[in-house]
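Next, two complexes with subunit A in common: one pairs it with subunit B, the other with subunit C.
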Partner chain A sequence: MSAQNPKSTVLDVRSLRTTFHTDRGPLTAVDGVSFQVHRGEILGLVGESGCGKSVTSMSIMRLYDEKYTASISGEVLLEGRNILHIPYRQMQRERGKSMAMIFQDALSSLNPVLRISEQIMEPLRIHRHMGREEARQEAIRMLGLVGIPSPQERIDCYPHELSGGQRQRVMIAIALSCQPKLLIADEPTTALDVTIQAQILDLILELNEKMDMGVILITHDLAVVAQVCHRVAVMYLGQIVEEADVEDLFDHPSHPYTRGLLQSIPHLDGGHRGELHQIEGTVPLLHQIPEGCRFAPRCPLATDRCRQGTVPLQDLGGGHMVRCLCPQEGGL
Partner chain B sequence: MQTGIMDKGELQKIRRSLTREQRRVSARKFLRSRLSLAGLVIVLLMLLLALFAPVITSALGVDPYKATVKDRFLAPSLQHLFGTDNLGRDIFARVIYGARISMTVGFSVGLVSAVIGTTLGLYATTSRFLDNLLMRLCDGLKAIPNILLAIALMAVLGANMRNVIVSLTIVSIPGVARIARSNALLIRESTYVEAMRCLGAGKHRILWRHIAPNILSPILVQMTFAFASAIISEASLSFLGAGIPQPEPSWGGMLNEARSYLFKGWWMALFPALFTGISVLGFNLFGDGLRDLLDPAAGGRAVIK
Partner chain C sequence: MRGYVLRRLLTVIPTVLIVSVVVFLIVHLTPGDPAAMMLGDDATVEDIARLHARLGLDDPLIVQYFRWAGNVLRGDLGYSTAVTGQSVWDMISTHFLPTILLAVYSQLITILLALPLGMLAAKRRGSLTDSALSVFSMLGISLPSFMLGMGLVLLLAVQFRLLPATGYKNPFTDGWPAFFRYMSLPAVSLGFIHSAYMMRMTKASMLEVLSSDYIKMARSKGTPERAILMKHAFRNTLLTVITVIGQGFISALAGAAVVERLFGIPGMGMLMVDSIDKRDYQVIQGITLMIALLNVLINLMIDLIYGLADPRIRLK
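Take a look at the complex of A and B:
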């Protein structure tokens, strides 16, 4: 899928900015993030721990206590409507119905004391106002859809009777039960082992096509991105530093940070390289964000120009955006 | 699991037997501890005595209210198992009728304070203002010694059984509310509550359907302790004359009467005191056993990380 293909936009995030109120003063974890998700598209949100991937998704869902915890500005357009400033009650109606989320910790995202039937039926009863029996039938259908064998019997299980992969499948069934336009998957495979990981990704890919919804897949695993995503946005210290179609990004990574990430993937056949590549230095803390390009202190190519003034995102053509003064060309 | 090759009936049979096995293990764990078993026996015995008090007394041909002046201060005998008091009333009959009062007060106080305390504790987690308000109120109530507070409330409300229950409930609400609040705060941060919020569940649904069942076991344990302390408090109130008025055979009230006749009829004091002590001990042992059983750290259940 490419940007030329005009598909309707499900989610349009414009200059999203999330600032936490902490004891040590305000902390801006997401600073001017903009991106779009189209129908049937999977957008990968990549970056190392603490770069603001999850904060971005939590802000879109408005899960922070806006009075005490964080203030969020910018625009989040869900099918053209700005949901960032609608009243809380209205937001509550959107959650689960037009947008849903699954979490990385599949083992603890189900309530241990309730049967999974109750938990799948819950959004159906809240949003689609179904009766018990109707909701139960729909829940069984959803369980079948996400690949749980003999759903009629499994539906009355308690979460502890299911394996980790099955629990994540149930979570996906719950999230998709009201056919949301947008699914946010926050590292959905981190807690699972590799074979199950592949199954869950296949499932997300399959359901993404079947239900024609937009998906934001948050991950730090570039292999996952390569496997399922259509577009990728790379985040660093609360900003998007590069965004491109997936082939474009892997073939022509332009930002030094993206190149560093790609070089850090161990190659099975690349024995001659010996040592694993690593990006020098560590991620700065959020309350000491460097001036100029945020990556400059760790960048091997940084010049004095990089350390002054903010660096804007520039379009390299074909929807390939990069936040770098001297974008690199060619493959690795 | 290869559910595909198993038919439905077989699967359900396995599930049922697993559940049964789990229950059996829990039950065995509870019974293995002799103390909690003793607690259970005492609790059941007291409840049965209270329940069947009229049957037992009429079978023995004694009456808790009937005063027979010629039978004053009779020592325990076959006819009057626990002897008679200063008005010639049968003490055994009065003691088991007293169990009715104690059990009613204990049960009502335990149940009502658990319901109200849980509600307050749950809603305290929903807003900082409410949290501060409710918890400071609890602190305030806790700052006054329980029995003083109960006496003050009784003085205002007037002495009868309903008011004893009301004032003891007020006294024991803060304890339950605190426990409910702290456990609810813990559960509130769990991923599944977050997941429910993502699905658009409202505040009340999350509190009652998702948090409340998860904090039930500590509440249940606290309830048994509230039960025990209500029995003691009721006896104290009645002893001080601020509780259930005569001639109702409350254990505390009987002790109060016995005070003047310790040398003439020691049995008047001994039996109500014994029953008060034993039943409080029983409920505390039972509560301890229940806590060990339900406490995840004691093993047997998955530990929440």
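Take a look at the complex of A and C:
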């Protein structure tokens, strides 16, 4: 997809590093993450809870309080412009307009005391300078676009009056109302039923093609990745450990962690009968990050060499990057 | 919304019934004989017994209760046993206005002080402003209203002669400027404690709201900080604070007794304290009932305002 058909780069993240100021001292949750998202491409950002996927997205949107909570360094190029160091007010004008975000839990992400009309019209009025009536018509059109039935009536509902799937659609409508170049979807289907999950993923796929925008899909669900993503970046403890086109990653996972993740998926069709595979040990805490390869303490293949010095990302060819000294070949 | 209002109104009936029983019992079960008090030290046992019979104090409590409740329903709160010929209703109605005005004025000061400062503390949490406001609110919470009242009188009335130390002016006959001159010190001393409390609640509530997902979402839409605060956070913060405002009114009514005494304001608190001194049980009963009913009314209003502010409540 993106590899065969190179398109213009929407987002270019270079050596992103996010450090939180905590009572126990600084904690680096994202450490040197780099990736690109192209037009029309869906990049999956995968990993266990606490691996830094959400922190990465929040840092790109600059949604942390940069004075008290976190400091962010590196470069985030949105269509070539570094947005990491522009003034806060200018950043506000980018959010919602050129980049937008949808969150996991639509019920808590929509303001409970405001009608959804108010919440969809807000970005339209701020970024596209529409009047009330014009914004309302556009909001109704957007609700129709994301598949809300009879949008003229639904637009004056409060969030609690809609179903979970509809709320998620409303959130997508809000995010896409100003036709952003980049959409970040942070676990958009985790809180939903499986059937609704599929509908929402289809909707994101459809809108991604229709609007030709870049999408970062954050998830811990590899099945979701296989279904919709073009490229995948696997994160572990604040670093990208493997990045590849989706077929390549599923066919030839090279990093022991990626292989472990893939083996943990239960199969119905024979193969892995009996007990489910699990990766040994647990994810270390952020202030106990091991030296050398961060995965080494849990890795079945780790050698002494792995525990010394940092392990760089290496290119296996065809855009397949892996952070491992002894990358594996072949399928599972 | 109409269904919600109706249901809420219906719950008032049992509350009022229970309140009336409790008020009646408290007054009648406290020791001390009103007849003996009325007649003074020289009264003979026969005199007291005669008065007992005349006032119906010998009847069983339940009979007395229903007689009193029936009269109250007809708008008759009885007659003062200390001041001859004064109906309790007249006494309460002349003392009602100062207390209500004092409570409203003190709560206005509280809200105008606490809401913006609480929001500021939340917005700038961890800053010097926040620490200063914390100290200020700690001070407010630990300072009793009579201490603050006396301090203010000493400073502003005695030392600088800016405001009168005691007294009361009716705003409708003497004008509002006079009213404010006389009532500002009492209102500040009454409202200050609660403003410290309300400020803390506002800050806590605002902090919780500001860390919620819908604020994150609003920021990700590019909503300017001002609109985040005023449009997205304020109404949600208010949901918690409305309850605190209601409590404030109620505690202001209770606290009025002390402050009215201190500043010589002829309100219900003052009337209450005098009546207790004289064991004027009809008046005590009447005022207690009025204050209890006022509480029920305030709670009703709080719930109705809640329904207006939070669309999720109306549905249930």
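Throughout what follows, the second predicted complex is superposed on the first by the 328 of 332 C-alpha atoms of A that agree within 3 Å, B and C clash if a C-alpha of one lies under 4 Å from a C-alpha of the other, contacts with A are read in each partner's own complex, and residues count from 1 in each chain.
As a working rule, a contact is a pair of C-beta atoms (placed from the backbone, for glycine too) under 8 Å apart; a residue touches a chain by one contact, two chains touch by 3 or more.
Predicted model only: the values in this text are computed from it and were never measured.
Student: Overlaying on subunit A: subunit B and subunit C, fit or clash?
Tutor: The answer is clash.
Student: Touching A:95 in the superposition: subunit B (first), subunit C (second), both, neither?
Tutor: Touch status of A:95: both partners.
Student: Based on the superposed arrangement, let me know which partner A:160 touches: subunit B (first), subunit C (second), both, or neither?
Tutor: both
Student: So, does A:123 touch the first partner subunit B, the second partner subunit C, both, or neither?
Tutor: Both partners, subunit B and subunit C.
Student: A:68 in the overlay: touching subunit B, subunit C, both, or neither? Say first, second, both or neither.
Tutor: Once the two structures are laid over each other on A, A:68 reaches both partners.
Student: I'd like to know which partner A:110 touches here: subunit B for first, subunit C for second, both or neither.
Tutor: both
Student: Return first, second, both or neither, reflecting whether A:149 touches subunit B, subunit C, both chains, or no partner chain.
Tutor: A:149: touches subunit B, not subunit C.
Student: So, A:171: does it touch subunit B (first), subunit C (second), both, or neither?
Tutor: Both partners, subunit B and subunit C.
Student: Can you tell which stretch of subunit B bumps into subunit C once we superpose, 2-10, 20-28 or 56-64?
Tutor: 20-28
Student: Could you tell me which stretches of subunit A are touched by subunit B in one complex and by subunit C in the other?
Tutor: 61, 63, 68, 92-97, 100-101, 103, 105, 108-114, 122-123, 126-127, 160-161, 171, 174-175
Student: With touch defined as at the start, can you tell me which subunit B residues reach subunit A in the complex?
Tutor: 3-4, 8, 11-12, 15, 128, 190-192, 194-202, 205, 209-210, 213-214, 302, 305
Student: List the residues on subunit C that touch subunit A in their complex, please.
Tutor: Those residues of subunit C that touch subunit A are 125-126, 212-214, 216-225, 227, 231-232, 235-236, 239, 309-312, 315.
Student: Sort out for me which residues of subunit A touch subunit B in the complex.
Tutor: By the definition above, subunit A touches subunit B via 61, 63, 68, 92-97, 100-103, 105, 108-114, 122-123, 126-127, 149-150, 152-154, 160-161, 171, 174-175.
Student: Quick one: which bits of subunit A touch subunit C in the complex? Just the residue numbers, please.
Tutor: The touching residues are 61, 63, 68, 92-97, 100-101, 103, 105, 108-114, 122-123, 126-127, 158, 160-161, 171, 174-175.
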